[in-house]
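If you scroll down you'll find the structure; I have some questions about it.
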Amino acid sequence: MPSLHPVVIARVVDGSLMPKVERAALLGEGWNPASDVSRPCAPGVVGAVLRFEGIVRRGERSEAHGGDERELLALDYQTYDPMAECELRALARQIAEEHALSSLTALHSRGRVAVGEVSFVLIVKSPHRAEAIAAMSAFIDRLKQDVPIWKKPVWK
Amino acid sequence: MPSLHPVVIARVVDGSLMPKVERAALLGEGWNPASDVSRPCAPGVVGAVLRFEGIVRRGERSEAHGGDERELLALDYQTYDPMAECELRALARQIAEEHALSSLTALHSRGRVAVGEVSFVLIVKSPHRAEAIAAMSAFIDRLKQDVPIWKKPVWK
Amino acid sequence: MEVDVLLFGAAATREKSDRVTVVVGAEPTVQDVLRALHAQHPDLRFALPPVETGRLAVNQSFVRGGHPIREGDEVALITLVGGG
Amino acid sequence: MEVDVLLFGAAATREKSDRVTVVVGAEPTVQDVLRALHAQHPDLRFALPPVETGRLAVNQSFVRGGHPIREGDEVALITLVGGG
């Protein structure tokens, strides 16, 4: 029995996401759990939980250096506000409904995130595995097309 | 720079996996972190962490009832020991190497797991997202073919 | 020679037993045991792989075709698994 | 009429600026602004979408084609994003 009104949380958050994901990003900064999680899933409905974390890698191709890999210190994520969060939220709602998810949580960093730190988190819950995987892939593909976030390398 | 010798952990564990995953399943029961994680990834190599949890759902089709959904209390997972853990581990090593992962952790329950509890956890780390997703899908497909684990419904 | 074959899951449920016995000739192979399962336990056909390409677990490893089955080997039918 | 177009990412880096200005006729549309960007800022072509099907953000929403651009609208070129 997939939820027709999935729980959706989508936020743009300053800096690295971990360990904020479990605390501040979801619970702090004015986010009201009561409003967003007003329709909790019945126990036993969710059969698959899929969580993706994107982490800043040390090596990034530099166009200014003929495409060679150079060593990074960090990425600076520039967001076009508030459109970035609006598009992130709209995408989250659309994917959650298209794939009949139980819930979708998407968090993306704004500003500087050091190598090895988390800049993107996506958590999808659904009755079955197949929809969770399809939803995750679709979300990330669309994120890279439609959500106005750019990354600028900070070279070592 | 993908690791050619990925860190692989694969275990069959009695009962529900959560919250054991973070504690006992990885650290207890004789598992020696020093031996399994002797080659930690260099920071900045891993760009994607993908974690899948399989959860026992309340509704399961009953063949004895014409394929209708009936309500479950739990699933009893029967494993053919020690082949189940051997095959799980072999599969983990093979998938980790085929997809050039940085690490793969796979845990599966043995025995009774109640509705809403976690019976399977897969955690994949890799430089890029695409390999992580491909490895996860391949692992689960192969698990369902090759690892001798059966589930028996405990009806309400 | 008689070979005990361990059953699990739906195959065990159907037979109401965790094993069946098949009678085969001397020096049997995996194919011989699969052929005997098809002939002597038709109730299990829903769970049996094809003789030519199918596998059994012998001493807890998957083997096929002409692999020999010896006295004392642990033989198991591993089909329709359902983990994950 | 003059329209300021906000730039980000590689487009802003190429122009060394966070905006460019284009000159268009009266009552311009998204297509008119895209056509003017192609003609008046050829350095940006690597980042510009096709005039017929391309989109701009106007007042922080994606719009295309004949959508009108009015005095005071916030117009932005959103291409080559790189989140995730």
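Per-chain numbering from 1; labels A, B, C and D assigned in written order.
Keep this in mind: a residue touches a chain if its C-beta (ideal position, glycine included) is under 8 Å from a C-beta of that chain, and two chains touch if they have at least 3 such contacts.
Predicted model only: the values in this text are computed from it and were never measured.
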Go through the assembly and pull out the chains touching chain B as well as chain D.
A
I need the common contact partners of chain A and chain D, sorted by label.
none
CA centre of chain B versus CA centre of chain C: separation in Å?
27
If you average the CA atoms of chain A and of chain C, how far apart do the two points sit, in angstrom?
48
For chain A and chain B, let me know how many angstrom lie between their CA-based centres, rounded off.
24
Dist(centroid_CA(chain C), centroid_CA(chain D)) in Å evaluates to 69
Give the residues of chain B touching no fewer than two other chains, as numbers and ranges.
54, 129, 140
Among the residues of chain C, pick out those that touch two or more other chains and give their numbers.
84
Could you please write down every pair of chains that are in touch?
A-B, A-D, B-C
So in the complex, which bits of chain C are touching chain B?
6, 8-10, 13, 57, 60-62, 76, 78, 80-84
Per the touch rule, the chain B residues reaching chain C in their complex are 54, 77-78, 80, 82-84, 86, 108, 120, 140, 143-152
Under the touch definition given earlier, write down the residues of chain A that touch chain B in their complex.
1, 42-59, 72, 115-116, 127, 129, 132-133, 136-137, 140
